[in-house]
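Look at the two complexes coming up: chain A is in both, with chain B in one and chain C in the other.
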Partner chain A sequence: MSFVDVLSGILQGLGVTLTVTALGMLYAVPFAFAAGITQHVSRGLAYGAITAVIEFWRSTSVIILLYGFYYTLPTAGLRLSAITVGSMVLGLHIGAYGSQAVRGALQAVDKGQSEAGRAIGLRDWQILLLIELPQALLAMVPTFINQFIQLVKGTALVSLVTLSDMTFRAKEISQLYYDPPKIYFALLVAYFILCYPATIAGRWIERRVGAGRRIVHDV
Partner chain B sequence: MTFDVAYALSIVPKIASALGATIIVAFLSCVFASLLGFVLEVTRRSGVAMSYLMRFTIDFIRSTPLLVQLYFFYFVLPVYGIKLPALLIGVIAISIYYSGYLAEVFKAGIDGVDKGQFEGAKALGLTRLQGVLLVIAPQMLRNIAAPMGNYFIGIFKSTPYLAAIAVHEAFGAALDIASDTFRYTEPMLVVGAIFLGIALSLAWIVRRLEAYLAISTRH
Partner chain C sequence: MPFSRRRISALLAVAVCGATLTGLDRVAPARAETSEWAGKKLVVGIHNRTPWGFRDKQNNIAGIHPDIVRAVFAPLGITEFEFVVSDFGAMIPGLLAGRFDIIASGVAITPARCEQVLFSEPDVAVGDSLLVLKGNPLKLHSYEDIAKNPQARLAGGRGSENTKNALAAGIPESQVSMFPNNEAAVSAILAGRADAATLSVPSAIGVIEEQRVEGVERALPFKGLIKPNGQPARLYTGIVFPKSSAKLRDAYNAEFAKLRAAGKLTPIMQKYLFTTDDDAGTITTAQICAGNG
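After this line comes the complex of A and B, so read on.
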């Protein structure tokens, strides 16, 4: 098998990789905003509760979460497809990281902005929606792009719960044709092609949005 | 859902006994990832050609999944006659993966040191290596301690990936128990709780360190 044959064989799994990525984003983005905003506006018990939820998704190993939910949910009577569980776990894990970008960006907005909003008689939700969020959005973008890359890379894990993504395809091909160097190098190249544009875009935007901001990565 | 408390407690010692391997892998990976990341960043600064080559290397490492890098070394090295224990391959893969991120931390750290310090080192007649090790590194360490700590936590949380190449660390031990008994709920919950507990404790230490360094740098 030539390198191109191997690569095109691997790319047959691209659909699953992209599907899990897209579904994962559908979990990650709303969760990031909901959790980040809640953490920003809440105090006391509500703050403690949302922080606990975020820390659960953020601080547990994602691979343990994936296996845990995939194998445990059926015993609780919940039969979900591997693709649903995979994108949910990866999405919420990434979203928990994203929530810290949302919260951080909201907290970085000058306090005078919300005070000015109150002074002109806006309600709390109006201040949040019309004044704070629009100003904070740009600062979140670099972290969101980085987390998107983490999500794409994270989708390789769904090959462990029987989904035939690119990684799964590579393992299949290597069972048919014994040529690990070629097959696994092709797999690295496939992910690189997928993620590199985002890496470049992320770095470019990060330079423009402002240097010095620390970005939290995770796997 | 049936949760058997007695069974859950009975498997704790088995999983905890495999925690040794987890800690060895995490510790070695932290050391080697830091060294490699530092070498990558210092090399990147030693000329225009090197700058592009190392930039690309770092981007390549960061744009491909850890799981795939793990498979790459696990399946490809034996083809060239390099037979290493799976645990060591895991250390190599995690070290290389995180070196790409730590290089970026070192970059910010070195950039954060005043330019006059480099010039001062040169004026004193120190060699490039002496200047980096004796003058720059100590000042840099204070800036990078907290972000490095966060990546060390990331390394710890990545050790369960090694179960995918049959290393008997804590998560692998939990999976073995689960597949022997066909009960996933308890092993996953026990191992998840152990990892979450350790990760949260480490995060607390990093936060304390961050606060301490913030106080001691305030003038």
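After this line comes the complex of A and C, so read on.
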């Protein structure tokens, strides 16, 4: 089997990898923003609750959660599809990390900014939405790109819940042809093809953000 | 009404906690057992190991157990199968969780597994085989040889019964490395990380004859685990059903007995390089489950 054949065999799993990544982002981004903002603005019980949720997703092993959600929950009467389990567990895991980028970026915004907002009579939610978030967004973009790449590579774990992603296809081909060096090198190339554009996009955005920052400071 | 910080945070906390619980498809209804299976689709778990149950080079599902299942269920009117490929370790958990209706992938009947699931009557019985580097440099011809040579390292399959046989034959655990699948165990030999790998005989034949892996050979002759009664240990495989599917299992057994009596099992076995010696014969699942296999 030639290298090109192996690569095209692996790319048959591209659809699943992309689907899990895309759905994973749908869990990760809203979760990251909601959790990060909540942590930033809350005190007391609400703060404790949201921190517990974040820490649960951040400090547990993805592979065990995948297993638990897919194989254990049905015995408790809760039956999620493989694609739901894969994207939800990976998405919320990455989202929990993302929430710290959101919180960190919000906290890094100069306190004078929100004080200025209050001075001109803005409400708390207006300060958050109109002053803090727009500035924080720029700062969190690079981290988000990193986490997107992490998510793409994390999808390699979904074969545990019967999804035929790229890694799974590589294992299948390996089973038939017993040529792991070539097959796993092809898999490496496949992930690189997928992730490198995101890296380039990340650099481009970072440059843009950097340019934007300078203008802000000039003003 | 002003939105206080506290108010925003409380709302968001509720939203986030709720979000982690969304995505529920449906609550599984209890699987109804009907007396008639005609036209039903069976979801079949396989773990992609030749020659038991795997996706072949043309992307079709092949293997001795998928072929047996197709032949046995056809007279019952079941002709539609959805094969789900997953890891070996996920087979029985998947069956218990209702992810598959049956497993048709070379699962050996063992007393421990009998407590969790139902097995069909055994179809084939296979012994262990040892793959070694070409020329068998350490001259390994039995599990004893490995146990006697502290330098010899054995590669085994995680959770496989072959590996358990090797340990039962006296090989210390420190000499055994566990690998997730046969490819990894064979690669370990080629990479010099192991000196031998224990596989079932048909799997070992497959590596040499079908996959044509160069640089390894079967250690012949080979003496595996000898049971207290003096017989070589063999693994009996069968189709796996959940405990709730006793009726389907019984129907399967009846049709399987007819298939075997009609001589239709042999061609399926031969297609996957099994010999007539590998037919499980008259031993019953009840005997094996009771530990008398």
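Just so it is clear, the second predicted complex is superposed on the first by the 199 of 219 C-alpha atoms of A that agree within 3 Å, B and C clash if a C-alpha of one lies under 4 Å from a C-alpha of the other, contacts with A are read in each partner's own complex, and residues count from 1 in each chain.
Keep this in mind: a residue touches a chain if its C-beta (ideal position, glycine included) is under 8 Å from a C-beta of that chain, and two chains touch if they have at least 3 such contacts.
This structure is a prediction, so every number in the text was calculated from the model and none was measured.
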Superposed partners chain B and chain C on chain A - clash or fit: clash
Touched partner set for A:Thr72, first chain B, second chain C, both or neither: both
Which of chain B and chain C A:Ala156 touches, first, second, both or neither: first
Partner chain in contact with A:Tyr177 - chain B first, chain C second, else both or neither: second
Contacts of A:Thr167 with chain B and chain C, given as first, second, both or neither: first
First, second, both or neither for A:Ser59, with chain B first and chain C second: first
First (chain B), second (chain C), both or neither touched by A:Ser2: neither
First, second, both or neither for A:Tyr191, with chain B first and chain C second: first
Touching partner for A:Leu128 - first (chain B), second (chain C), both, neither: second
Chain B versus chain C as contact partner of A:Leu80, first or second or both or neither: second
Stretch of chain C penetrating chain B in the combined three-chain arrangement, among 186-194, 258-266 or 276-284: 186-194
On chain A, the residue positions that both chain B and chain C contact, one per complex: 67, 71-72, 75, 77, 159-160, 171, 174, 180
Interface residues, chain C side, partner chain A - complex: 2-6, 8-10, 12-13, 15-17, 19-20, 23-28, 48-50, 54-57, 84-87, 90, 93-94, 96-99, 181-184, 186-187, 207, 211, 213
Complex interface listing, chain A residues touching chain B: 55-56, 59-65, 67-68, 71-72, 75-77, 149, 153-157, 159-160, 167, 170-171, 174, 180-181, 184-185, 187-188, 191-192, 194-196, 199, 214, 216-219
Chain C-touching residues of chain A, taken from the complex the two chains share: 27, 30-31, 34-35, 37-38, 41-43, 46-47, 49-50, 53, 57, 67, 70-75, 77-81, 84, 87-88, 92, 123-125, 128, 159-162, 164, 168, 171-172, 174-178, 180
Complex contact set, residues of chain B against chain A: 1-2, 59-60, 62-69, 71-72, 75-76, 79-80, 97, 101, 108, 147, 150-151, 154, 157-161, 163-164, 171, 175, 178, 184-185, 188-189, 191-192, 195-196, 199-200, 203
